[in-house]
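Following are the structures in question.
Next, two complexes with subunit A in common: one pairs it with subunit B, the other with subunit C.
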Partner chain A sequence: MKITIERGALLKSLNHVQSVVERRNTIPILSNVLMRAGQGQLSLTATDLDIEVVEATTADIGQEGGTTASAHTLYDIVRKLPDGAQVEITDGEDGKLTLQAGRSRFALQALPQEDFPAMSAGDLPHRFEMPAEALGRLIDKTRFAISTEETRYYLNGIYLHMVEDGAPMLRAVATDGHRLAQADFPLPDGAAGMPGVIVPRKTVLELQKLVEEEEGIVRIGVSDTKIRFEFGGVVLTSKLIDGTFPDYTRVIPEGNDKDMEVDGKKFAEAVDRVSTISTERSRAVKLNMEEGRLILTVTNPDSGSATEELGVAYSSDALEIGFNARYLLDIAGQLDGDKAVFSLADSGSPTVIRDVDDESALYVLMPMRV
Partner chain B sequence: MNKVRRLSEGTINRIAAGEVVERPASAVKELVENAIDAGSGQIDIVVVSGGRDLIRVSDDGCGMSPEDLLTAVERHATSKLKQDETGREDLHDIDTLGFRGEALPSIGAVARLSITTRDAAADTASKLTVEGGTLGSVEPAAGPEGTRIEVRDLFFATPARLKFLKSEGAETQAVSDVVKRLAMAHETVGFSLTSGDRNLLRLPPAQGDLFEARLSRLSGIMGNDFAANALRVDAEREGVRLTGYAGLPTFNRGTAQYQYLFVNGRPVRDKLLTGAVRGAYMDFLARNRHPVVALFLEIDPALVDVNVHPAKTEVRFRDAGLVRGLIVGALRQALAEAGHRASTTVAETALGAIQAEFPGSAQGGAAGSPAGSGWQDGARDWVPSSSALQAHASAQMPHQQAPQADWGSGFGTSARVEPENIQSQALEARPLGVARGQLHETYVVAQTADGIVIVDQHAAHERLVYERMKEAIAANGLTRQMLLIPEVVELEGDAADRLARRAEDLAELGFVLEKFGEGAVVVRETPALLGKLNVTGLVRDLADDLTELDEALSLKERLEDVCSTIACHGSVRAGRRLTAEEMNALLREMEATPHSGQCNHGRPTYVELKLADIERLFGRR
Partner chain C sequence: MARPTHGYCRDCLEPVPKDKNRCPACRRPRVLHHPELHELSIAHLDCDAFYAAVEKRDNPDLKDKPVIIGGGKRGVVSTACYIARIRGVGSAMPMFKALKACPDAVVVKPNMEKYAKAGGEVRALMRELTPLVEPLSIDEAFMDLSGTERLHHAPPALTMLRLVNRIEEEIGITVSVGLSFNKFLAKVASDLNKPRGFSIIGEEEAMDFLGDKPVSIIWGVGKAFNAKLKKDGITLVRHLRQYEESALMARYGSMGRRLWQLSNCQDSRRIKPHGAAKSISAETTFFDDISDVEELKRKLWPLCERVAKRAKKAEIAGKTVTLKLKTASFKSRTRSQTLPNPTLLADVLYETALPLLEPEADGTPFRLMGIGMSSLTDADLADPADLLNPGATRRADAERAMDSVRAKFGEDAIKKGRGLKR
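The block that comes next holds the complex of A and B.
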C-alpha cells in the first residue's frame, strides 16, 4: 500500500474514527486503525468490537493495499504535523508502516489487515432516512438522562422506537431511574414496523460528535441486534443493548393538575445561583409555589441558606417540593423556548417539565425528600 | 459389602481424636484447660519440636485419686457436668472449660500419654500410661500435689495426621497462641511456656482488682504499649456484663487477629465479635486496618451454647443481637470518652526517630550535636529554648503582641516569662494548649502546660468536617432521592423478610424499601448522598449484613466513605498558612470534638511530646 494525502483530510478522518478505540486493550489489534487504499480512496476503520466506524476520504493512491497501525499514535503524529503538509503512508515488507511528511519520518509497528476484526452488520431489514439535524436533536434532548450505573444495563442507552397513538413518531427515551427525557420526531418513511432498540451510550456519544458536523441526510438501518448510520463518508455500525427497556410510559404522569409557567432561562439562572450555597453533589433545591410566585431555597447547615423569588404563572394550591439541583439544571439546559411549564401533583410524585410551545420533548423528574 | 459391626473402642477414640486433637496446639489447649479447671495457681508448659515430640503440662491443682485417674482416661468420663436429682446432666449449665470427657482418651489414642497425679488426700502420687490406646495400670509414683501430663510422639499411632502438621515454627506459634489466649482469660493463674530450651512466656499471677490484674496480664502478653493505648470497657445490659480493654484506633494492626473475645473465661472465635468491632471502629479506621481488643463477656451459662464443636471455640448466643449491641455500644462509648486522645506509640515513634537522628544529643551535651555550629554561634539563627517557637510563632501571628526584642538576650533564659497574656495562660491549661506557630504551613505547634503538641492541620480539619457532617445528618436526617423507576431486587431465602423487618432503620439511613411479593423487595428511595448507585448490589450486601451482623453496615460504610471523601476535599490543605486565631480555633474545636485524635484513616491528627520526653532527648534525664 502506498498513498499520499493532505494532512487536514487525514486528520479529520482519523479524528472521527480514533475515538472509538479504547485506550487500553488486551487484544493488540483493537488499538489499531485499519487503512485500506483503493479506487482513489483511503478508508479508515476503527472498532471496539461493539461499534465500528468506517470513513472514506479521497487520496492519491500509489499502490492499492491495506494495513493496520496504532490509531492513537497515528492521530497524535498527524495532529502535530504542520498545516497543509502532504503525508505519504507506505507499508513495508518488514511489518512496519512508514509515514513521511516533509522531513519527518515515522516507522510504526503494523499488524496485517487480515487480522483486523470485521463487524458484519448482517441484514438490516428496516431502513429509513432523516435529517442529521433531527437525529442530533433526538440525542441532544435525551442523552443527559442515560444511566451510567451498570447493573441496570438496559438503561445504559437511548431507547429508540416508534409510537403510534397519535401521529406516528420516532421516539428517543432515556432514564437513569431518577429522571427521564423523551423526544419525538415524525416517523420517517420506512421506519414503520421497526423494533424498539436500545442504542448504547458510547454509540450515542460517537454519533453525536459525528452528526454535529453533518448537514445532510442520515440513512439508518436497523435490525434486532444492530443499527447502522450512514452519512457523509462515514458508516457507523453498532451492536444494540440486548435487554428490555422498562415500560416508561407508566412513570409519565397524566393527571398532574398543578401547572406552573416560568421563564426557563431565568429559572435556570436562579437555580444555579441559590445552589452556590451548597457544595454537595446531591444538594436539594426547595421550590415553594404559591399564587403568582415561586420561591427557591437551598439550605446548608454549614454555610447558611439562599432564597430567590421568581414571578411565575401559578394559580393552584400552594405546594412545596424538593429537587436535586443538578437534575433541575440539566433539564433547564434542554429548554429552548422562553416559557417552560412544570406540571405537578404533590411533593412526592413525579413532575413533568416541557417547553410551553414544544410538544415534541418532555422531561420527568422525581423529587427528593428533604 | 461387609457386615455392619460396631467400631472398636480404639477406633472410636482415634476418630474422636481427629476432631479434638487436630494438631499439637489443640492437645495443649485441652491439657491447659484441664489444669485451669483443676483450680491451679501455676501452670507450666513445655513443648519440644512444636509439640510433636513432647508436650508436658504440670499444674498445682487438685489432682486426682488413683480411681479417678483410671476413669479419667475413659471416653466420655468427666467430673465436670453437674447432675440434677434425677441424675440428668445439664449441658446448659457449664462453668468449666471441659465437659465432654474426650480429651484424655483422645490423646491417649494417638500418642504416648503419661499422667502423674496426686490429690490432697493421698500421700504419694499415682502414674498411668496410655500408649496408642493401650491402657497401662495405675502405679504409685513420686510427685507433688497436682498433675503432670506428658504427651510424647503425638500422632505416632495415626501417621496420616503427621503429614498435615506444619513446620515446627508454625506449630510452636500455634501452641503459644493457645496458651496466650487462655492466659488472658485467667489472669490470676501463673503461666510459663518453654519450647525446647527457649522460654516463650513467663506470666506471674496478676495482682490487683479485676481491671488492674487484667490489664497487667494483657500487657504481659501484648506488650506494654497496649496498656498505654487501651481504653477500659465496662458495660452491662440485661444481666450480661462486658469488661476488658479496647485499643485506641491509632494503635491499629494490619490483621484482625488481635481481637480477643472470652465468654465466661473461654476464648472463642466468633464472627459476631469481628462484625461488632468493625461496626464500632468503622469511623476511625481504614478498611484494611484493625484495632486490638480484648473483651470478656460474662453471661448466664444457660444463655450460651458452647457445645457447638468438639474444639469448643465456637459459641452460640441465645440472643446474639443483645451481645452484639452490648459490644458495639460499649466500644463506641469507650471511644467517645477517649475524645481526641491519640496513641502514645505515635509520640514514641516520633521520639525514636528524633533520637535516631541525633545520637549525640541523647548522651547529654551539645558536643556531638550535628547542629553544633548553629548552637555555638548563639541565637542569631536559632534559639534552642521555648522562646524559639515563641519567636517563630510571633512572626506569623500578626494579632498577637509584638515579639520582644529578645533574639539575643533571650538566649539561654528558657525560663523567661512570656509576655503577660492572660488568655494565653488560660489556654495553656487546655489539653491541646495554645498555638505557638505553624511550621511548613502544614503543622501547628502548640504549647501545653507540660509539653508541646504538633497538629497535622489537614488531618485534623478533615476529621472535624467529617464529624460535623455526621452530626448534621444525625440531626436533620438524610435527604432521599425518590426513584422514578423503583427497583425490584430478588433475594434468596428469607432475606427479603429480614430487610423488610428493618425497613424503619433503613429509612433512617435514607433507604426506603418494602416487600414486593415473595422473596423480593422494591426500593423506592435512596440516600441522595450516594448519587446513582447500584441498588441491587447494595440491597444484597445489606441482606448479608443483617444475616451476619444484624446491622446495616454496608450502607453505613458507604455513606461514611462518601462523607469522608467530601470531608477530605472540604478541609484545609497542608500548605495553607493559618492565622493565630485559626490555629487556636482548630485546637479548641479538636478538644470539643469526639474522636478528633485520629483522621478518618486511623492516622493520628496530632502528637504530643511531654517536657519529660523532650528533656530525655536532650539528655537531661
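The block that comes next holds the complex of A and C.
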C-alpha cells in the first residue's frame, strides 16, 4: 500500500474514527485503525467490537493494499504535522508502516489487515432516511438523561421507537429514573414497523459528534440487534442494547394541574446563577411559586445562600418544590423557546416540563425532598 | 540557649532539680527525670484497662474486686482490670478460662455507649492541647505537641503531665503516656510501665533500648510473621540491624522496609487527625452458629436497622454496602455492592445485602454476620425518588414515616414484621 493525502483530510477522518478506539485494549489490534487504499480512496475503519466506524476519503493511491496501525498514535502524529502538509503512507515488508511528511518520518508497528475484526451488520430490514439535523436534535434533547447505572443496563442508551397514537412519530426517550427526556420527529417513510431499539450511550456520543458537522441526509438501517447510520463518507454500525426498555409512558404524569409559565431562557440563566453556590454536598434548588412569581433558592451550609425572583404566569395555590440543581440545569438548558411550562402536582410528585411552542419534546423531573 | 535540666513532680507538677528523687515541694516520690524531657513532643496516650476503669468509676463497690468486661455464652474477655490481670486473666481470653483463673471475678457486660462517652471526653481534653490528635481506638491516641510550648507556657512533657492529672480528676480514670520523637517509640513507651505510667524514650537511648527487645515489639509483626523471622534467625530487634534496607525488602517486601526503618528507630509517619468516619457498620456474633438462610435473613434486618439508625443520626449516606460473614471455622467472607445512589435507609441496605447473602448461605454454619456501608456522602443526595421503581419509593416513604413515629413514641413504638421472631 502506498498513498499520499493532504494532512487536513487525513486528520478529519482520523478524528472521526479514532474516538471509537478504547484507550486500553487487551486485544492489540483493537488499538489500531484499518487503512485500505483502492479506487482513489482511503478508507479508515475503527472498532471496539460494539461500534464500527468506517470513513472513506479521497487520496492519491500509489499502490493499492491495506494495513493497520495504532489509531491514537497516528492521530497524534497527524495532528502535530504542519497545516497543508502532504502525508505519504507506505506499508513496508518488515511489518512496519512508514509515514512521511516534509522532513518528518515515522516508522510505526503495523499488524496485518487480515487480523482486523470485521463487524457484519447482517440484514437490516428497516431502512429510512432523515435529515442529519433532525437526528442531531433527537440526540441533543435526550442524551443528558441517559443512565450510567450498570445494574439497569437497559437504561444506558436512547430508546428509539415509533409511536402511533395520533400522527406517527419516531421517538427518542432516555431516563435514569430521576429525570426523563422525550423528543419526537415525524415518522420517516420506511420506518413504520421498525422494532423499538436501545442505542447505547457510546454510539450516541459518537453519532452526535459526527452528525454535528453533517448537513445532508442520514440513511438509517435497523434490525433487532444492530443499527447503521450512513452519511457523508461515514458508515457507523453499532450493536444495540439487548434488553427491554421500561414502559416509560406510565412515568409521565397526566393529571398535573398546576401550570407555571416562565421564559425558558431567563429561567435557565437564573437556575445557573443560584446554583453557583450548590456543591456536591448540597444540590437542591428550591422553587417557591405563588401568584405571579417564582422564587429560586439554594442554601449551602458551607458557603451561604442565593435567591432570585422571576415573574411567571402562575395562578394556582402556592407551592414549594425542590429539584436537584444539576438535573434542573440540564433540562433548563434544553428550553430554547420563549415560554416554558412546568406542570406540577405537589412537592413529592414528578413535574412535567416542556416548551409551550414545541410539542415535540418533553421532560419529566422527580423532585428532591427539601 | 542551654535547655533546662530539671524534671517534674508528677503529682504537684513543680519542677524538681536534676539530682533529686523526691519532690521538694510536696515530698512525694513520683518524679519524672529525663535528659531529653524538654525536647520530645510526640506522645501516645493509652487509657488503663479502659472499660473496667469506667465501670469501677461508676460503681465504687467494684473498686477492689477483680472485674472482667465481656460476656455472653461464647463471650471473650474484652477488658480485665489490673486486679484480674494479676490473677492471669488476659484480653481476648475465653470467658470460661478467665473465670477458671479468677473465679471471684465480677463479670460486667460491656456498655459501649458509656465507654464511647468517656472516650470522647478524654479526646476532647486532648484536642484542647493540640489539633494533631490521631485516635487509634476509643481509648488511645497519638498527639503531636510540637510547637505548643509558647501556647501552653510549658514543654510538651509538662503539658502531658497536666493532661494526665486532669483526666484523673475530671473523668476519673487513669492513663499511661509514652513520650518520644516518633510514633513508633511513643507507643512502645506508653506500654512500658502501665498503669499510670509516664515513660520517655529519647533519641540518645533509643537504639540501645530497642536493640534487645523481641522483634514482635515492631508494629505489624504478628504471630505468623514472628515465626517467619524466627526461622530466619531474627528474634531481637538488633538482629535486623545487620541487614541493609534493600536486603530486608528483597526478603520481606514492603514489610522489610518497615522492619529496617523501625528497627533503626526511624519512623517518619506523621500524626494525622482523622477526618470523618469512613464507614458505618454493625455486626453480631450468634448465640449458636447459623446456616439456615431464612434465619440469617432475620438476623440481617436488625443489623440493617442499626446501621441505618446511626447513618440517619449522623446525616450521612453510604454508597457501598458490604456484607461480612464469619464461618464457624473463623474464615471471613465479605461481599460488597455499590449502589447507583447513596442510601441511609435500612430497607435499601437489606434489599442490597440479600442477594449478597443468599449465595453464601450454602449450608455453611456462620458464627458472625455484619453489614456496613462505606463511600459515605452527605444525606442530601441519598435515596432520590425513582420514577421507574415506585415500590422502592413507597418503602422509603414508609421507613421515613416509621422513623417519625419512633422519634415521637420511642424506639419500639413501631417495627417491621421481618424483624420479629417466629
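Note that in this section the second predicted complex is superposed on the first by the 365 of 370 C-alpha atoms of A that agree within 3 Å, B and C clash if a C-alpha of one lies under 4 Å from a C-alpha of the other, contacts with A are read in each partner's own complex, and residues count from 1 in each chain.
Throughout what follows, a contact is a pair of C-beta atoms (placed from the backbone, for glycine too) under 8 Å apart; a residue touches a chain by one contact, two chains touch by 3 or more.
Owing to the predicted nature of the structure, the values given are computational and were not obtained by experimental measurement.
When both complexes are superposed on subunit A, subunit B and subunit C occupy overlapping space and clash. Residue contacts after overlaying the shared chain place A:Ile217 against neither subunit B nor subunit C.
Of the two partner chains, neither subunit B nor subunit C is touched by A:Val356. Annotation for subunit A, partner touching more residues between subunit B and subunit C: B. Once the two complexes are overlaid on the shared chain, A:Ala345 sits clear of subunit B and of subunit C alike. Once the two complexes are laid over each other on the shared chain, residue contacts for A:Pro246 go to subunit B and to subunit C alike. Of the two partner chains placed by superposition, subunit B and subunit C are both touched by A:Met366.
Of the candidate stretches 290-298, 416-424 or 578-586 in subunit B, only 290-298 runs into subunit C once the two complexes are overlaid on chain A.
Common to the subunit B-facing and subunit C-facing surfaces of subunit A are residues 147, 149, 151-152, 175, 177-180, 246, 251, 280-282, 284, 324, 348, 350, 364, 366-368.
In the complex of the two chains, the subunit B residues touching subunit A come out as 468, 472, 475-476, 479-485, 487, 525, 528-537, 566, 570.
Across the interface of their complex, subunit A is touched by residues 340, 377-378, 380-381, 384-389 of subunit C. Every residue of subunit A that touches subunit B in the complex is listed here, in rising order: 147-152, 175-180, 246, 248, 251, 279-282, 284, 301-302, 322, 324, 348, 350, 364-370.
Within the complex formed with subunit C, the subunit A residues making contact are 147, 149, 151-152, 155, 175, 177-180, 246, 251, 280-284, 324, 348, 350, 364, 366-368.
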